[in-house]
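Structures incoming, each one as structure tokens.
There are two complexes below, and they share subunit A, which is joined by subunit B in the first and by subunit C in the second.
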Partner chain A sequence: MNTLEAGKSEILASVGGLIEEIIGEEWVRETPITMETSFAQDLELESIELVALSEKIQQRYGEAVDFPAWLSGMELEQIIALKVGDLVEHIASCQSKT
Partner chain B sequence: MPVEDVGGLKTHLQTLGASGPGVVLVHGMLIGSIASWYFSIAPMLALKRRVLMYDLRGHGLTERTPSGYGLRAMAEDLHTLVRRHGGGAPVALVGHSYGAVIALRFALDHPELVTRLVIVEAPLPILTREHVDSVSGLDGEAVVQMMPPWQQHAFLTGGRRARRLGERGIALLRDTTLVDELLAEADFADAELRAFSRPVLLCYGTQTGERMTVTRDRLLQVLPDVRLETIDASHYMTRDAPVPLADAIGRFLDA
Partner chain C sequence: MSRYLVVAPPFPSHIYPTASVGLELERRGHEVAWVTYGEQQASVPAGARFYSLASSAPQGLVEDIQRQAGAPWLAGMKVFFEDVVAPLARDMLPGVEAAIDDFRPDALLVDQMALAGAFAARRRGLPWATSSTSCSLIADHFGPYPKVEAWLVDLFAGLQREAGLEPVRWPDRSPALVLLYTSRAYAGEGLEFPGHYRFVGPALGGRAEAVDFPWEALREGPKVFVSLGSLFAFRGERFFRIVREALADAPVQVVVSAPAGFLPDPPANFIVRPWVPLLQLLPKLDALVTHAGTTLTEGLLHGLPSVAAPIVHDQGSFAQKAVEAGAAVRVGFNRVTAPELRRAVFEVLENPSYRAAAQRLQTSFREAGGAPAAASALEALA
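Entry: the complex of A and B
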């Protein structure tokens, strides 16, 4: 595993933890969080829970990652299809810029 | 999650944007929440402004009380938030649908606390018996019918968690006095609207309902300082056309 991939698996673990804080440990046990897990179909995250996730990401990663701006630039179909991996990639790319 | 006590009500609120003039966003009924703004126009408005959003009583993550859904009570919740977060300075208000009517009620009662008002797709009067009857039954099916298409999609294809959204809407209809309180609201008097001197922007969609277009035409006629933006969208404009809507609001707030 190269440094970039190691960085992403660390972000995945971290983001997975944040999602678990929002939707509960029980649910995550049923649906393990991977890069392929979709927010809408697999986690059935409600939009108000995405707000909570955004707030937690801001606390964890600071100003470098602007989650609401990233999401607001997407079409509806993209948001419905959004995977945890997309968010991990986005955070990794924001971090590589700083 | 920031939750504040607003006149005894546990209220969920969120802010975006670090500096600039204050803007408060007020979402619509039943299926609206902070999320209606947060992933649509709020990030664009927040580039130059401090944006405050909150979940209305009984909506999103704010406490659901048995009553207190009339316009005066809802406007009073908004008043408390504006005083607390505006630091005594007036703010700009943007409301969608029911939220726009709440914002209008507040603006008429406290013009000194309002710089500019944006009304997105407000219906007047706020609720009619005909409208309630058109979605009668107060069951899951009725609430799904009231949802915008993308939420119907999520609801119908989703499982346990997606159903909660519909259940919350049903609970608001079934377990609170929301409908009765809104049916009992008197319509705004034209004289009251004529006396409001602050600049108002109306945003109405090309594919909206008749209740909205009638209200649009009336407000255009009676408000003294008013302009209209017609946007290619349905009633759910924040979802359909966030960029044109944010542009129109931004231009108006900067003018």
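Entry: the complex of A and C
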């Protein structure tokens, strides 16, 4: 595994933990969080939970990752199809810029 | 005296407030008629003049509404506007215009989700008011998602062009009068609304409730009502199981409105009925567990706090306003566990701050003026 991939799997573990804090361990036990997990279809994330996730991402990663700005640029279909992997890639790309 | 035509979608909870407002207009000597699908006649006042578009709404419509319950948040909203609101606008327009030609109204009262009424009024140059049952669809719903808002504006523009109209940004809202059946305090004191938005509070009179209820089974002590409404209750299998686990043998009596079969062999402290006469039951209750549709408002009008478990898109922001006001505890419809639900129910029952906050909203609702305030605003419009 190269450094970039190792970084992503670290981010996935970290983001997965933040998601679990929001939706509860019972849910995560039934739906393990992978890069392919969809926020809408698989996790049935509500808008208020997305806001909560956004706050946790900000706390964890600071100003380098502007989650609300990233979301605000998305089309309806993109938000509906959003996967955990998309967020992981976004965080990785923000970090590689800093 | 004036003539008012009410244009309603085939959703009972959207028709009830217009029934209440319509009765008040009739009491003042005006004439009121309703136009919607025939199957909704039971929701308008008995004996009211009624124009039936067709016996029932377009095939698949109810299924599409229910499908949004299976689709979370924005996915559900997309289904609702594309597969419900838009086809309704097309399907209803000819019938609404035929009703206008026959009844010759001075003004229209148009439900926010019945765009055909707004289009017909604009095509005929008649004054019209919006009847809005959901303040969350009026407020800045898409703030963080500008492209989602642009998508809806596009959809609305297409529908207006099809109806031969020059598109306006929000054709669902009258430029002259928007009636909201809630209070300014509930909608959020911090938000700005245009001057023609009138917060008249809930308008609940005029609803027939011919349903039997075993009143003699109600006991002394705290009583909680549990309901997921009618449209989405079919999704409640898990939720009703959690309710049972959370409250069986708890020191509280639980009245549940649930489809037959969801709660077989209910515990001794449960009363389970498919339908209940809610307006008669509310004065006897202490708290509600609800999906945060109109039941939440009806509870607040009686000063009752809620545990809110919103199911679809606009219920979430509706529930959130009650939470922010301190009158409700929110739980996840899909996620709540039995111990969490039990804690939430006893929190709103035993912590007096919830009832105090619900009573503040109750006061704000009563002061908003209800159906008489709505009728006065409509008299100024015609």
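Heads up, the rule we're going with is that the second predicted complex is superposed on the first by the 98 of 98 C-alpha atoms of A that agree within 3 Å, B and C clash if a C-alpha of one lies under 4 Å from a C-alpha of the other, contacts with A are read in each partner's own complex, and residues count from 1 in each chain.
The rule is simple: contacts are C-beta pairs under 8 Å (C-beta built on N, C-alpha and C of every residue); 3 or more make two chains touch, one makes a residue touch a chain.
Everything numeric here is computed off the predicted structure, so don't read it as measured data.
Asks: After the superposition on A, what does A:24 contact: first (subunit B), second (subunit C), both or neither?
Replies: second
Asks: Kindly classify A:46 by the partners it touches after superposition: subunit B alone (first), subunit C alone (second), both, or neither?
Replies: The answer is both, since A:46 touches subunit B and subunit C.
Asks: Report for A:71: first if it touches subunit B alone, second if subunit C alone, otherwise both or neither.
Replies: Touch partners of A:71: subunit B and subunit C.
Asks: Identify the partner contact of A:55: answer first if only subunit B is touched, second if only subunit C is, both if each is, neither if none is.
Replies: First partner only.
Asks: Return first, second, both or neither, reflecting whether A:36 touches subunit B, subunit C, both chains, or no partner chain.
Replies: The answer is neither, since A:36 touches no partner chain.
Asks: Can you list the residues of subunit A that meet both subunit B and subunit C?
Replies: Subunit A residues touching both partners: 23, 27, 40-41, 44-48, 50, 68, 71-72, 76, 79-80.
Asks: So in the complex, the part of subunit C that touches subunit A is made up of which residues?
Replies: Residue positions touching the partner: 71-75, 78, 144-148, 151, 310, 313, 316-317, 320, 330, 332, 334-335, 337.
Asks: So in the complex, the part of subunit A that touches subunit C is made up of which residues?
Replies: Residue positions touching the partner: 23-24, 26-27, 40-41, 44-50, 68, 71-76, 79-80.
Asks: Can you list the residues on subunit B that touch subunit A in the complex?
Replies: Subunit B reaches subunit A through residues 1-2, 14, 16, 33-36, 38-44, 55, 60-61, 150, 153-154, 157-162, 164-165, 239, 242.
Asks: Taking the touch rule as given, give the residues of subunit A at its contact with subunit B in the complex, in rising order.
Replies: Per the touch definition, subunit A meets subunit B at residues 23, 27, 40-41, 43-48, 50-52, 54-55, 66, 68-69, 71-72, 76, 79-80.
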